[in-house]
Structure formats: C-alpha cells, structure tokens
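The letters A, B, C, D, E and F name the chains in turn, as written, and every chain counts its residues from 1.
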Amino acid sequence: MLHTVNKSPFQNSSLENCLRVAQPGDVILLLEDGVYAASAGTAKSSLVEQAVKRHTVYAIDADLKARGLANLIREVRVASYGDFVDLVEQHPVHAWL
Amino acid sequence: MLHTVNKSPFQNSSLENCLRVAQPGDVILLLEDGVYAASAGTAKSSLVEQAVKRHTVYAIDADLKARGLANLIREVRVASYGDFVDLVEQHPVHAWL
Amino acid sequence: MAATGKKVMVTVRKAPHGSIYVQESIEVMFIFATYDMQLSVVFLDDGVLALHPGQDTKGLGIKGFMASLGALVDWEVTRVYVDRQSLKDRNIPEDAIITIGRDEETDAPIRPQVLDSAEIAKMMATQHSIVSF
Amino acid sequence: MAATGKKVMVTVRKAPHGSIYVQESIEVMFIFATYDMQLSVVFLDDGVLALHPGQDTKGLGIKGFMASLGALVDWEVTRVYVDRQSLKDRNIPEDAIITIGRDEETDAPIRPQVLDSAEIAKMMATQHSIVSF
Amino acid sequence: MKLSVLVLEGPYNHEASDSAYNFIQAALAKGHTIRGIFFYDDGVYNATRLMDPPQDDRHISKRWSELGATGIDMIVCVAAAKRRGITNEVLAPNIRISGLGQLASMIDEADRLVTFGD
Amino acid sequence: MKLSVLVLEGPYNHEASDSAYNFIQAALAKGHTIRGIFFYDDGVYNATRLMDPPQDDRHISKRWSELGATGIDMIVCVAAAKRRGITNEVLAPNIRISGLGQLASMIDEADRLVTFGD
C-alpha cells in the first residue's frame, strides 16, 4: 500500500492520520507541503523518525528543492516524479488529502 | 482584539496558533469548522477549556446547528451573525485562516 | 444490482459544511453505485463528523446533504464503514451516528458499520482504486 | 514615502508553494506600499517557511517569488517581522532566513526582524486593519 | 460603523463566501454601512455569472450582484482574476474588475476590514 | 500500466494541478498510458480557456489542452462545473464536460487511479 501525504505537519494532522492507519511495510510518499515532514530537527521530525521504523518514506525531490529543504531525516529517500510513478505501479494508492 | 478561527481543531492547528499569540482579555470567535472546538468531551476540548480562563469564547449559532453540536463546553457563548458584527465594532480583528 | 466489478473505495476525511468535499463525495457514491463495481465507503478522521446526529444547515442558507446520506442504502450504497477512533476523539457515541437506510425486511435502521483502523487498512489494501476526499 | 496613514498589517501564515497564498500576499504588500498607510508584514506559523533559505522552484515548473521577497525593502516594504517560535519549531536559524534587501548606506543585508509572539500580539492590537493569508 | 469585507475563497467549495454574505446581511440589518467587498485569491470565482447551481441551492453570484445593485462597491482583483479566467466576458452584473489599490482604499475608508477565507 | 488521474483543486491556487501534470509527464516518459484525466470539485477550474497568467508563468489550461490533443481523454464533471460556472462557452480545447459515470469508467479501465487535491 502506498500512502501520499501533501500537507504541512505543522499545520495539518494528515500525516498523523495516515500513520495511525498505515500498516507495517506500507510505503509513505511525501509531496507538496507534505515534504516539510522530512526536515530534520523540527518540532515535528519525530513523526517521520518513528515512521521510518515501519515504513519506507519517500519525499519528492522537486518539492524539497522548491522549499529549500536539504537537511533531511537520514532514512528518508528522495524520489523523482518517475519514482512516484514506479511506486504507483507497485502498490494500490491512497491520498491523504 | 478579536480573533476568528474557522478550522477544525482535529485537522488543523489554527486554534492552537491563535491561542499562542492571543493576549489575556482578547476575544475568540469560532465559526465554520472552527466551531467543532466548542464541543465538550472531545480529544481537543481542552483547548477551549483552557482558553476560556483567559478569553471570552464565542461560537456562531448557525455553524453549531449545521453541525449538530449541542453539547458545548459550558463557558462558550453562542453568537449570532449580528453578535459577530457587534464584536467587530468593539475590537480590531484578525482572521486565523 | 449484484456488484461483480472492481473494488473501489471512497474515503471521506473532511469535515462537513466548512467545505463542499463531503457533499461532492456523496454525489460520487450515488453514481458509482449504479456502475458495475464493488463500492465501499469509509468515513474517517473529520469525515466522521458528517455522521453527527442533529445537523441542520438552514441557518447557513444552504440545503445540506443529510437527506442524501440518509438514503445511501436506498441507492445501493451498502458497504459503509466508519472509523472507531475518529468517532471517539470527537465524542460521538457509536449508536448515535445517523442512519443511512432501513433493512428491507425488518425495517430496522441501518448505520455505517464501526471498524478499527487495522480493519480499514486491510480493506484499503485490497482495493483496485481509492477515491479520497 | 513617509507613511502617515492608517496602520495596516499583512499576516502570512501559510506554507509556500503548496498553495498560492504567500505569492498573492506579496502582491498585496507591493501595492499597499505605494499607498498612504503604515504597512507592516508579519510571517508566522507556516508563513515563516517562505523565508527559508535556498528555495528553488524550477523543478516544479513554476517561477516562485523569491526575487520579489528579496526586493521587499526596495519596494518600501520595510516593517517586516517574523515570529521567533515559528522559526524554532521549523529548525530555521534566525540568521539563516532570506534577506529582503540591503541597507542604502551600509549595503548590509536586511532580514525580517525576529519578534516574540507577545510583541506581535501587541502590534496586532494597534492596527486599523489586518489582512491575513 | 463602515465596514469592508475581503473574500479569499471561491463559492460553494468553502463556506467563506457564505459566512461573508451572512455577516454582511447582519451588518446591514444593524444599520451599518458596507464600504466595499473585495474578491481576491480564489475569491474571484464568486463573480462569474455562468454559475448554475441546482435549483434548490443558493445562487452565490446572483446574491453578490443583488448586493451590488444596492450600491455597494463590489470589486474583483484584476491580477487574481486574470490567472483564473474571470474576465469581463463572464462577470456578473454590478461587480467590477480593478486593482489591489482599491482594496487599500476600501481599508482606508472603512472603520474595519473583515477577512473570510480558508 | 494504464493510469487514470483525478484532480480536485483549481489551477494556481493549489499545487495539486502541477503535481498531477508533473506526475503524468513522468508516467508518459516511462511509456505508461493515461486512460483519462478527470476534473472534479474545484478541479473543474483547470478547464477554462479564459485564464491569462503572467507571461513568465505556466499556462495551466493550455498544458491540459495540449495533453488532450495527444488523445488523452480529458473530462470535467458536469455537476461540479455547472455550480462553478465552467460551461462549454469557456471550455479549453480538447477537454469535454461529462458525468461522474465517466470517472467510474476511467477507474474501471485503468490499472490505477491517482488522486491529487488539497
């Protein structure tokens, strides 16, 4: 199962909502404002720091660059839109809008 | 100072953001999905239960009724749109969108 | 109609009335129910607030969609689920949520079925597609 | 231009790029600066993310507004503030936020002034009007 | 009191437009004056005459046009409108397209500005 | 793989429309097929030919029209469009207005549906 999250973790609880339901082994893809959750050392970093223990967590490269995010939580994998397509091919997908 | 909050406290941190900045004596008006914060016994009731110690908290009647909310935190005052107008007349206003 | 087609789920996660998503998700349910698919609907997070009893949107000057939700079963939208924890967080008793129809034989009221999040996750993983609001 | 008119504040609370609010708030700042008002701008909550260094929106296929933010002072938008706690929560060092212009005499870079929330609240209370995004 | 109102979201999708309308009606009922209503961001979508909601629903641009007919200044931001396809071709009656400077004037000439958005 | 894409937000205001476009381009580059793109909720605003963004900005409805010209089925939901004033009068080329049943077909005839929204 692939879960996409596109909301800032500081303003919106979508990522928490997603993590409550996602099962071990499910893949999480952060995109749009969702990529702020991949940032290290923030008040919300613990969400992804915990998530990577049960999930593979990706963040869209173009969204990270647009927001100037370079200091990421180590286990987060940077993904292109092409990688996003591959993930969709491999998993059924739910968007946590 | 009048602060308006229109987001669900379960999904969005606008009310918390507002309460962090609002000064004692400031007035909080809940409208639209913001009125869910006025509901008693929820996982987010403590926000308004704490807020009423420092602020007068209003919730728009039509928004409460639309959402079926009748079991409110006791200190919350129910306001008509006319009351909203009166509050705007008495205070400068900031909308926490 | 016996649904034999693909498994399609509609998830509703937004609160009602502050935005139109719940209403337009119901329009999707009604249409999808007439197609050959195995449709299921899940209310979770703020979406469960759509099931809150006693909603009356008259004072907002809008029609609302309570009548539509109450007729889901009539429209063959029968696999309707709601997340237990989301109800609990919002202090909505499980037996207070609105009815979505009546049993054809016993006339007993039908409510969305309350599930734990693990059960919802399991259902999600078996879908062909999920439309989310 | 010596601002003598009413006190008007623009608050920016939304994250950049996921939505257009930051960009359209900057358009408001630029126009308001040409009118007779005492304009101030406050970045707080997710709005401070607009001041994050190193933003490059090329990969999204959108122009972005970094050039505009960097020219705020040139456009006479000079009272620009940012909330200390919001920066801290997002791990943005105060001396890393983007510059919004240069001092005319010393050529020193100018950054938004970091304030505590109580100072922001005090400023808010003295405004004639606040436009919020 | 003299009020100006800023609407930042489109019709139907968010309640902002309804809240603004209900607030304005209450202000008028109390004898206050509306200096102007300004539509910005997705708020510009409030101004299309082409909207055609179900018969039993409110017609949001007609409501705004009716307010405009009473002499209230109703303005859509030209820059926000251009990128979203709101042009004079589709503009509802008694609403005009103009610049953000008009919002500055609405603020300057009112006692309060109230913002409705998402 | 055969993909369908659902867009729930309007152009410029939210990134959803850009994310969907970038995702679709990547899928096409990898040789996948796009069965259809469906615009619902505020997503219907993507389809107005009247949008006129600044010259140095992307023109979102033109981009969609160009995709439509390659034969991809581009559909705007009629009910969502009607209440928001998106009619044939303003529709961009190679996009058509139809019912939610078309979304059901797009799902049925694709291997995956991907949703972009707010």
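Going forward, contacts are C-beta pairs under 8 Å (C-beta built on N, C-alpha and C of every residue); 3 or more make two chains touch, one makes a residue touch a chain.
Predicted model, so just to flag it, every value in this text is computed and none were measured.
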Tell me, which chains sit next to both chain C and chain E? B, F
What are the chains that chain D and chain E both touch? B, F
Quick check for the class: compute each chain's Cα centroid; which one is farthest from the centroid of chain B? F
Would you kindly state whether over half or under half of the residue numbers at the chain E/chain F interface are used by both copies, giving same or different? same
Relative to chain A, largest Cα-centroid distance belongs to chain E
With centres defined as the mean C-alpha position, give me the chain A-chain C separation in Å. 27
Chain centre separation in whole Å, for chain B relative to chain A (CA means): 32
So, what's the distance in Å between the C-alpha centres of chain E and chain A? 38
Hey, what residues on chain D touch two or more of the other chains? 14, 17-20, 45, 60, 62, 128-130, 132-133
Chain B residues touching 2+ other chains are 6, 10-11, 13, 32-33, 62, 92-93, 95, 97
List, in ascending order, every residue of chain F touching at least 2 other chains. 8, 12-13, 15, 22, 41, 57, 112-113, 115, 117-118
Give the pairs of chains that touch; include all such pairs. A-B, A-C, A-D, A-F, B-C, B-D, B-E, C-E, C-F, D-E, D-F, E-F
In the complex, go through chain C and note every residue touching chain A. 11, 13-14, 44-45, 85, 117-118, 120-122, 124-130, 132-133
In the complex, the residues of chain C that touch chain B are 14-19, 45-46, 49, 52-60, 62, 64, 88-91
Can you tell me which positions in chain A touch chain F when the two form their complex? 6, 31-33, 60, 62, 80-82, 84-86, 88-89, 92-93, 95, 97
Taking the complex as given, what residues does chain C use to touch chain E? 17-20, 60-63
Can you tell me which positions in chain A touch chain B when the two form their complex? 10-14
